[in-house]
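Note that the chains take the letters A, B, C, D, E and F in the order they are written out, and that residue 1 is the start of every chain.
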Amino acid sequence: MQLHTLKKVTIVIEDNLRQSLVKKICELGATGYTCHEVQGFGSRGARSDPFANNVEIEVVCAEPVANAILTFVAHNYFENHACIAWLMDVQVVRGSRYVAS
Amino acid sequence: MDTSLILTSLRDNLLTPIPMCFALGIFCKLIHGGIKIPKEFYYAISIYLLMSIGIIGGHELAHEYHDHGVSTIWKPALATLVLGCITPIVAYSVLRYVGRLSIADSAGIAAHYGSTSAVTYIVANDYVNNMGYKPDAYVPTLVTILECPGIAIALVIGAIGLGMEKQAKASESGGTMAADEESGGSIWEALHEVITGQSLMLMVGLLVIGFISTLVMPEKKFEVFKEFFYSKNQIFRGALCIFLLEMGLVTGERLKDLLKVGPFLVAFGILVPLVHGFLGAFLGHLAGMNLGGCTILAAIVSSASYIAAPPAVRLTLPQANPTLSMTAALGITFPFNIAIGIPIYFWMAKSLGAQ
Amino acid sequence: MDTSLILTSLRDNLLTPIPMCFALGIFCKLIHGGIKIPKEFYYAISIYLLMSIGIIGGHELAHEYHDHGVSTIWKPALATLVLGCITPIVAYSVLRYVGRLSIADSAGIAAHYGSTSAVTYIVANDYVNNMGYKPDAYVPTLVTILECPGIAIALVIGAIGLGMEKQAKASESGGTMAADEESGGSIWEALHEVITGQSLMLMVGLLVIGFISTLVMPEKKFEVFKEFFYSKNQIFRGALCIFLLEMGLVTGERLKDLLKVGPFLVAFGILVPLVHGFLGAFLGHLAGMNLGGCTILAAIVSSASYIAAPPAVRLTLPQANPTLSMTAALGITFPFNIAIGIPIYFWMAKSLGAQ
Amino acid sequence: MDTSLILTSLRDNLLTPIPMCFALGIFCKLIHGGIKIPKEFYYAISIYLLMSIGIIGGHELAHEYHDHGVSTIWKPALATLVLGCITPIVAYSVLRYVGRLSIADSAGIAAHYGSTSAVTYIVANDYVNNMGYKPDAYVPTLVTILECPGIAIALVIGAIGLGMEKQAKASESGGTMAADEESGGSIWEALHEVITGQSLMLMVGLLVIGFISTLVMPEKKFEVFKEFFYSKNQIFRGALCIFLLEMGLVTGERLKDLLKVGPFLVAFGILVPLVHGFLGAFLGHLAGMNLGGCTILAAIVSSASYIAAPPAVRLTLPQANPTLSMTAALGITFPFNIAIGIPIYFWMAKSLGAQ
Amino acid sequence: MQLHTLKKVTIVIEDNLRQSLVKKICELGATGYTCHEVQGFGSRGARSDPFANNVEIEVVCAEPVANAILTFVAHNYFENHACIAWLMDVQVVRGSRYVAS
Amino acid sequence: MQLHTLKKVTIVIEDNLRQSLVKKICELGATGYTCHEVQGFGSRGARSDPFANNVEIEVVCAEPVANAILTFVAHNYFENHACIAWLMDVQVVRGSRYVAS
């Protein structure tokens, strides 16, 4: 099995920001994303009712794109929105597909 | 209009399944009970309720239009528009200059109080029908008119206020600060979000559908839709019970925030709706609406949005603290209106001479 | 009461949409079919059903109370309480001393059989109404009384049994073993969980709501809620079809566990309900209930909980194997009752002289 | 049968809530509006609709069977089976030899057009009932007959075609290529998937349930199920409004794919249904069906499956591009049929002499 | 982009234990958590019907907290409950926020 | 806390392939799996409506099993299905349980 080491960015954020954020993620060079609804608790309290819940977005991408996404998220959402973001290394099958040229 | 009448009407309003379901939801949260309404069920019911308001509203509007053209409706529509412009300004002024809240928080909360709550409309509508005062046929149309302008105006006030504040700071510090355009989306984006959002799309969409099909279809064929979406209220009120149970659960969860937001906001959430309600009843009466109609107009003008406004405010004024606006709108004004406000607005409208 | 009557009543009971939907669910799982009911839909229906039991029960209780005060209801209520205390003891004794199951498993299963299943109540209620024997108006209240005590008693038995076993082992080994308090939550926690859990909160909450609003509202205004939650059974039975379809799917999935649990548990899941059912019919008759009421009381006493009991047992007796109790309650007793048990209880009640 | 009649019937068909809800969904997507129907709500409604078709179909079939035995139904059933075999062959031939699509794509799309769409059935049924032409009682049975064979035949055609192509390539290249068995599941698996899939299980299952319980239960007791699942159409049509709103949202999302699929597929999605519809009306008339029945048979034969077929095709012919088939079935043929097709089939059937 | 290396604990467990477990997780020093419903299959069979399903809980935290959580889970739930738990390194934006002081 | 280093395979794939894939995963030696529905976007477009959505499957297992699963997925689904798959190291509590013997 031929594997590529890439980065996986995970962002947990207010659900109503989903649409604009994923649009931005694709603009920043990601080839795709996967997301699902989650409940959460953090410094801004519980986010688990119909008026306030979160989405977890996963993006497999090359390191520069990952950095661009995290920078965007940190700059735009950290101050005023419920948000957490982390990065990890993943071994991806046919990984070159997810590195936009 | 003596006190005993208000008390009776209060009891008749409160000790019925719909408000009691709301109370059950709050009670359940207070004792850490286990009622859990799946989010999807809640959404399903709210879709049904919005569609109902729309299609039945369109249906009755078509009858009104057929009988009287626009002669009866233009004045109430104008009155509603005026109210949609006044209320956010009143709310902002009170919050900013009496409550000394920040510009963003004041404008954010004002946006909620400038718009309206569909559930408050439904409960008020039920109330006046139960009292035997059928409201004017075009009232649902007024709900859709009231949804938007207040949000727009509050957001503009907020943007201007923040812009001026920034300039003031810049000139104070004597330097030339670069405008930080990134923070907050544009007002146009936010308005697009409100206008094309779930509440307005479904209500206006179904209003148009109800209007057209009532004009085109024979009355008998429209009957089945009327049955499903309203007639005899069967499904409609049952669904409302479940909906208010969930609203009670959410409100119960937020009740502890009441302590945090402080006495000013609690007073605001009760007194400003009373002022807005009076304005609604007054202008409604001037515009020739009947007693049921005036009561409902007062109720919807006094109510605060907790579905359409929050995402728009979040987008444009992210600095505004959502806990403040949601606690005021959902934790104070909504239950106040359901429990006590609506009978008071009814009494106001009656005192003003509406019939 | 000859056999042909039982057969006819069996056929009339089995070849109707509700049990056949249950059978369709089982069949679908056996042939690996693709029916999938979204969990949220299932929850929505169960919320609706519990609210219906509650509000309609409260409504009828209010009429009964209005007409007779508590004179007719206190005896059946007491009988139900007694049954709630006896059944877990019977079940525990059989499981522990005949079946030689572990203390935890015996107490865990006993907790399920000490409580009751709301769906069995609904089907029994439908059955006797279909036979033309309207049950006493207070029967839904009995369901709520039966929900709790059996679980509490079984959990206490389990806790005492495990405590004594541990002491015995400790004195055997001659040493002084430190009590391992961490394993398993306290019984109080578990009871709080049952009492404030979804089933009881919704049923009791809506019972109170139905009771109060019937006393306060004019009958005509309550009508719409009655329509939605019960009257003419329209929505109610339709929802039940879908609910039982899902129950059939779950049961079908668990049928293969039947082989694992062994013949003792299968016999237990059929015979003990018959004993409990007889006790229910007998005490119900003593307490002055009518034929419909006795049949339903027998059915609910014989039934095993599969919604309220499992989480409580999981919390207090985590060592108990949930496969055993769920297979017995859902895979054996529930279908047995639906298909065959209820007509038998009806026949028992009739033989005992209930009318 | 002049044009003005078609226009009137078009208007009567289009300007009613159900098609307008579909249009609202499309419109909402085009302006990037925010209506969001939770997937679970959509599934819940589709479960309800399938169960309704089944149980009401079984109920009416039981009456028909009771009155006439199989004498009236065998000919229409046979006609439907024949149509289920012809239509995938017609569709495949057009796609492969006129449109020059790949074997996999041709067979995949043909599988969709060989099967049928339950919602088209419902809308057609509503349409003819509204026109005052009650269809034959056994028509829902025909829907279930039509579901399967077309998919099977198209998949077999695809498998044979691909096998032959592979052989041809192998002999061309002169070598002996190892068969690549892994790619794509077996046809039997795919057929098992269709037959035991949600649509057929629910429709056939409830058809049997409706049939048996109608024969066994007294008519009066069956009434409540009829009420819930159909009678007076109340819940049924309301649910359909919401269902079509979601279908509109999905279709709107896919509209931009229309540009990608090219003019051939657009023409295919309109013309082939017209041919199939004509065949349906013709054979239905030959088989002795009435005007309502012929219209519905034409509509369901012409319609393309977008629920049962896609997973089966995905399993057996994974090389087929799902965008092509879904765009054609859902984006072209479905709205065409709802808006224009059904009145045309009605007119065809009438012209053929059906009454 | 300034990143902190922290631990992410993931626990998949019976859904009805969610409430008490997340309470405990916060007591053990986590500043928040994110969770969502999952279906599962393991040594205790399938967990995918309304009577038995799982929840996946993710907690970003410092190593000592992670160890405390895993120890608690292992000690309390492994014997009698459907449960799996794992740990990994993640690069967290503004990571110091998630290290309770 | 005694931890075993194992592999975690994550596969995001068309939901209708779930049943056959998890069956295969167990045949290839995994002792269990955890899955949940997700929405996605990638080279095959958006997958977020009732007619087309994805499932994310997580499998904790030993390296050879992980390789077998990835090979199976790559060979069978990559050409014609919406699919992405990646691998990472995880520290698993009582990890030996998830290594089938």
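What we mean here is this: a residue touches a chain if its C-beta (ideal position, glycine included) is under 8 Å from a C-beta of that chain, and two chains touch if they have at least 3 such contacts.
Given the structure is predicted, the values throughout are model-derived calculations rather than measurements.
Colleague: Which chains are shared contacts of chain C and chain F?
Modeller: D, E
Colleague: Do the two copies chain B and chain D share over half of their interface residue numbers, or under half; same or different?
Modeller: Result for this pair: different.
Colleague: What's the farthest chain from chain B if centres are computed as the mean of the Cα atoms?
Modeller: F
Colleague: Farthest chain from chain A, comparing Cα centres?
Modeller: Ranked by distance of C-alpha centres from chain A, the top chain is C.
Colleague: Using CA atom averages as chain centres, what separation in Å is found between chain A and chain F?
Modeller: Distance between chain centres, rounded to whole Å: 20 Å.
Colleague: Using mean CA coordinates as chain centres, what's the chain D-chain E distance in Å?
Modeller: 46
Colleague: Mind checking the centre-to-centre distance between chain C and chain D? Centres are C-alpha means, answer in whole Å.
Modeller: 43
Colleague: When you check chain C against every other chain, which residues touch at least two of them?
Modeller: In chain C, the residues touching two or more other chains are 38-40, 43-44, 235.
Colleague: Name the residues of chain F that each touch 2 or more other chains.
Modeller: 36, 88
Colleague: Pull out all the chain pairs that touch, please.
Modeller: In this structure, the chains touch in these pairs: A-B, A-E, A-F, B-C, B-D, C-D, C-E, D-F, E-F.
Colleague: What residues of chain D sit close enough to touch chain B in their complex?
Modeller: So the residues of chain D touching chain B come out as 11-12, 15-17, 20-21, 24, 27-28, 31-41, 44, 130, 232-235, 237-239, 241-242.
Colleague: In the complex, go through chain B and note every residue touching chain D.
Modeller: Listed in rising order, the residues are 38-40, 43-44, 47-48, 51, 55, 193, 196-198, 201-202, 205-206, 208-210, 212-213, 216-217, 221, 224-225, 227-229, 235.
Colleague: Which part of chain A faces chain B closely enough to touch in the complex?
Modeller: 14, 16-17, 20, 45-46, 49-53, 75-76, 79-81
Colleague: Give every residue of chain E touching chain F within the complex, in rising order.
Modeller: 10, 12, 36-43, 54, 56, 67, 70-71, 73-74, 78, 84-88
Colleague: What does chain F use to touch chain E in their complex?
Modeller: Those residues of chain F that touch chain E are 1, 3, 6, 8, 22, 26, 31-36, 60, 88-94, 97-98.
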